[in-house]
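Please read the structure below before turning to the comments.
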Amino acid sequence: MSVTENFKPTIVAFCCNWCSYAGADLSGTNRLQYPANVKIIRIPCSCRLNPMFVLRAFQKGADGVILCGCHPGDCHYTTGNYYARRRMTLLFSLLDFMGIERGRTRVEWVSAAEGAKFAATMNEFTETIMKLGPNRRLEDLRCRKD
Amino acid sequence: MKRIAVENLQSLFAAVSAKKQLYIPADDSAGQAKFTLWSEGTVLTEKLNTVRSAKDLFFPQVENLVNFKVSSKKIEILENRDSSEPFVVFGVRACDCRSFDILDTVFLSDPVDTYYQSRRENGLVITLACNRPAETCFCGVFGIDASDPAGDVTCWMDKAYLYWRANTERGQELTKSLSVLEDCDESSVDAIREASKQILQKLPLNDLDLTDFRENKLLDVFNDSAWGELSESCLGCGTCTFVCPTCQCYDVQDFDNGREVRRFRCWDSCMYSDFTMMAHGTNRPTQKERFRQRFMHKLVYYPNNNNGVFGCVGCGRCLQKCPIHMNIVKVTKKLKEGMV
Amino acid sequence: MRQDPLIPMLGEVTAIRTDTPDVKTFRVMGVDGEKPFVHIPGQCAMLSMPGVGEALFSITSSPTEPYLDFSIKKCGCVTSWLHAMEVGQQITIRGPYGNGFPVDTELAGRDLLFIAGGIGLAPLHSVINYCRHYRDRYGKIDIVYGSRSKDDLVDFPEIENEWCKEAGINVHLTIDNPQEGWDGHVGFVPNFVKELAFDTNKTVLMCGPPIMIKFTLAGLLELGFSREQVYTTMELRMKCALGKCGRCNIGDKYVCKDGPVFRLDQLDELPDEY
Amino acid sequence: MQKRLKEKALELLSNCTVTRVLGWKTGEFFYDLTPAVFETAEEVEKEFVYSGFSGANLSKYLIQESRKQGKVAVFLKPCDSYSFQQLLKEHRILRENVYVVGISCNGLLDMEKIRAQGCEGVTAVTEDGDTLTVDTLYGTTKLSRNDCLLERCAVCKSKKIVAFDELIGEQGEELESNRFDRVAELEAMTPEERFAFWREELSRCIRCNACRNVCPACSCEKCVFDNEKSGVRNKAIADSFEENLFHIIRAFHVAGRCTDCGECSRVCPQNIPLHLLNRKFIKDINEFYGVYQAGADMDTKSPLTDFTLDDCEPSIVHERGGVQG
């Protein structure tokens, strides 16, 4: 897929309240740069991420969706991220099965102390999406901006 | 009457298509027939009929009504009608052709539905007589002659030729513009019609008799004790209503993309649990009431308002497609048991 | 392009009055400042907010007024949105829909008995004020109106200050339970109607919750009224209001087109599905 | 078989083991059987049918039926018994109100497949071993029975009846099935091909919801797609996105609970191979978390309500072979 000129990807990052959201905060206070087109949505736990949220994000114009949660073993609710891990694995695999580009979906475990990792992940993910170009396979034409 | 050799059908389609958009029944990727926009290489199906009826072309499953732009307290109304270009639909069977009459009484009665109206005005219907009706066909019950369907143009086909008869002014106009057609004698189709009639007479559902529904009181049919049993295994899906050529209920919904609101309508089904759902509940709480509504509408309510014409054309789609094989024929026969 | 009846016109809410804790009355005018259309008492209109939804509401004001009023109880999506909105908001409106009450034919010259419960006053309100405007065309007017409490009586000031004071109109108010500051009747509408023992020469116009209608009707029949004397107005889910979308179909009638006003003997011929 | 089932139904009714029998009822033709509740011997005598066309899985009806007065008997084919047990596991069926007669099965027939082989106006189908004699209004044809089996039967996963009170016929075994072959075929395609494949298939969807409503695993009291407030209610498809959304979510909601009974594909009026989405989940679950068959037993935890500390990361999807999209 060719890179569209002037393409500014919209990236939705679902961040767990306890680790990754704080991680994002830390990367901000440390003045680490990550692209402004990453839109963070705070969720109580990575396990809260309903597969429907992922699809709805794509519908409403996201070009990539990333879930950030506590590292396995560190979940505030003990086990939430373990369930999320299975769910997202299966969901991403199904999306891949349906021909939706694998690179558009990702899970990354980011702790509250990993501000640098958060920024790096977002930079890297944005780059991947830049290469993939606009989401065309899982978009709602009615929401297209141009 | 005109004709064209079957091996030249593609040149006929090409000629029509050069003038207007042409839809013909062609096989889809699952091997079932579907009205398809003709382009070079689209081949006429050998199936008797399409899964989705010809109503789709006049009353599509989804269509835009109007757009709104909302900004703080102001609203702007923006035209957003799907454009309707003149088109020709070829290969409509007699049953589907009759269904247009039924849809017309709904959509073209005052106040006229202009979306449907413009498609009707733009659409030229070419019917195709049935040579090999299925066991599920019962259009004859409604006085439809599948060997001589209506429409702007009627066609018959045998192994060698497609015969073509224009019935309306619009049909004649199209005929005149098609040089690929050659003249032939009216009697050319007699043999085809005769053969077709022979088969039509043998159809297993010919004995279906609906006259009792005209004579019995609305409330007696409504209160028949058989409804519970008939509907007990109904899944509440919308298959019957969506493949039905005469079902026309619709829903109006808004879609907000953050910049504007698109108001569209889409098919709805009286079989769905939310069909009559209001803030304080629904007046048809179980599948029995929803199921009954569909058949009462076709067999009693619609005829009551339309000189006894039934809201069914006997195309047999619901017989073939219902997941649990409950259908208007079974309902009719069961209800008749309780009628005097 | 021909204008389709499904495409609404723009309207603006020019006034909002809070009647009860869950009922507000909205005044809707065209964006040109004119009344959007002329209606018959009992008819309805489709109000909508794009993106929220469209719903059918009875027109509360009399056709003799230069505006359209809608008294709306908060209960679903659209109504909640309306309740949260402010004056000056544009909405869309289309109508009028339905048959309305036969104010100039069957009701003309008759003694009228209005029976309303709660928000059921909304459609009758239009008729009552129409009759007041053309007072000489009708006989005696009785109004029975009941609600859960005094605070739930819709548009109480108008009832108290205008209806109650008008000659030839008898207003009978009741609330379900005793309440401080209320010295009127206490009790449910059906019993109240029976207690009042009206003459059976009246034509009855009734609207309210189904349970009230059911018991009041029984009471009326007991008093000697016939079903041909009673009119009521119905409410079902509607989408098109044009008699096409199939939703409000009851028997061979479409409530949006053939109704919402039905005489009870007409309703008797329809399936009990409302 | 028909005779034995009928006798059993009559026996269970007459000795008052049950008050109702859930079975298949005769139709206008030989193939259009309707699931039905039989309450009297007379009804059973007259209308009970078991044939190659008794494809409908009756287990979902038990959610309602087991909550009514009295006990109900039900005939379950091997694959139906998996659905039944899965529903039991989810506490959706009251076991004490159901009497299960397990019936052995040699594969059921698909009228669509018979029609697709050029048989129009079919009036009768006679089974004779591996051959079907199809009488039509236009003559008689012979077809191979194997070519006319329902998809799920053609790749039958198990002849074992996993829950029953009594059996008619032999208890069977789990089979070596090639049911994942088509999934693997798709996996081997490029993402572009897979995308094109699913667009083509799903674009035929008419959102009749038959797949959802027939599914024994779809047993929510109120489906998210029927909830006006969910924002995803749109019953008709206004955009291809909604086709994807509906089918992804439908498949996901039954992931780990789907027994692969194949009803979704059987009822689809547009012949969309919906089972492939469900099977993809099953195949993935088997590969990632160990082989799991929903409904096979009452104890094993469903893979989506379970985890291990060393589960694979979602990035496995990225790292797997095949062309990256």
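Before moving on, here are some points about what is shown:
In order of appearance the chains are A, B, C and D, and numbering begins at 1 in each one.
We adopt the following convention: contacts are C-beta pairs under 8 Å (C-beta built on N, C-alpha and C of every residue); 3 or more make two chains touch, one makes a residue touch a chain.
Keep in mind it's a predicted model, so treat the numbers as computed, not measured.
Here the chain at the heart of the structure, going by C-alpha means, is B.
Relative to chain A, the most remote chain by averaged C-alpha coordinates is C.
Once the centre of each chain is set as its mean CA position, chain A and chain C turn out to be 52 Å apart. The distance from the centre of chain B to the centre of chain C, with each centre set as the mean of the Cα atoms, comes to 40 Å. One simple way to say how far apart two chains are is to compare their mean CA positions; for chain A and chain D this gives 35 Å.
Remark: chain A and chain B have CA centroids separated by 46 Å (rounded to whole angstrom). Residue positions 251, 255, 268, 277 of chain B are each in touch with at least two other chains.
Those residues of chain C in touch with two or more other chains are numbered 77. Within chain A, the positions touching two or more other chains are listed as 140, 142. Touching chain pairs in this entry, ordered by label, are A-B, A-D, B-C, B-D. Residue ranges on chain D touching chain A, taken from their complex, read 183, 186-187, 191-199, 224, 231-232, 238-242, 244-245, 248-249, 251-252, 255, 277, 280-281, 284-285, 288-289, 303-309, 311-318, 324-325.
Listed in rising order, the residues of chain B touching chain C in the complex are 65-66, 68, 70, 73-75, 77, 79, 81, 106-107, 109, 111-115, 117-118, 218-219, 222-223, 248-252, 254, 256, 261, 263, 265, 268, 270, 275-280, 282-284, 289, 293, 296-297, 300-302, 304-305.
Interface residues of chain D, counted against chain B in their complex, comprise 27-29, 31-37, 56, 61, 116, 120-123, 136-138, 200-201, 204, 206-210, 212-214, 226, 228, 233-238, 266-267, 269-272. In the complex of the two chains, the chain B residues touching chain D come out as 28-32, 34, 48, 51-52, 61-62, 132-136, 199, 202-205, 229, 232-233, 235-239, 241-243, 251, 253, 255, 264, 266-269, 272-274, 277, 319, 321, 323-327, 329-330, 333.
By the touch criterion stated above, chain A contacts chain D in their complex at residues 51-52, 55-56, 58-59, 72-73, 79, 82-83, 85-103, 105-107, 137-142.
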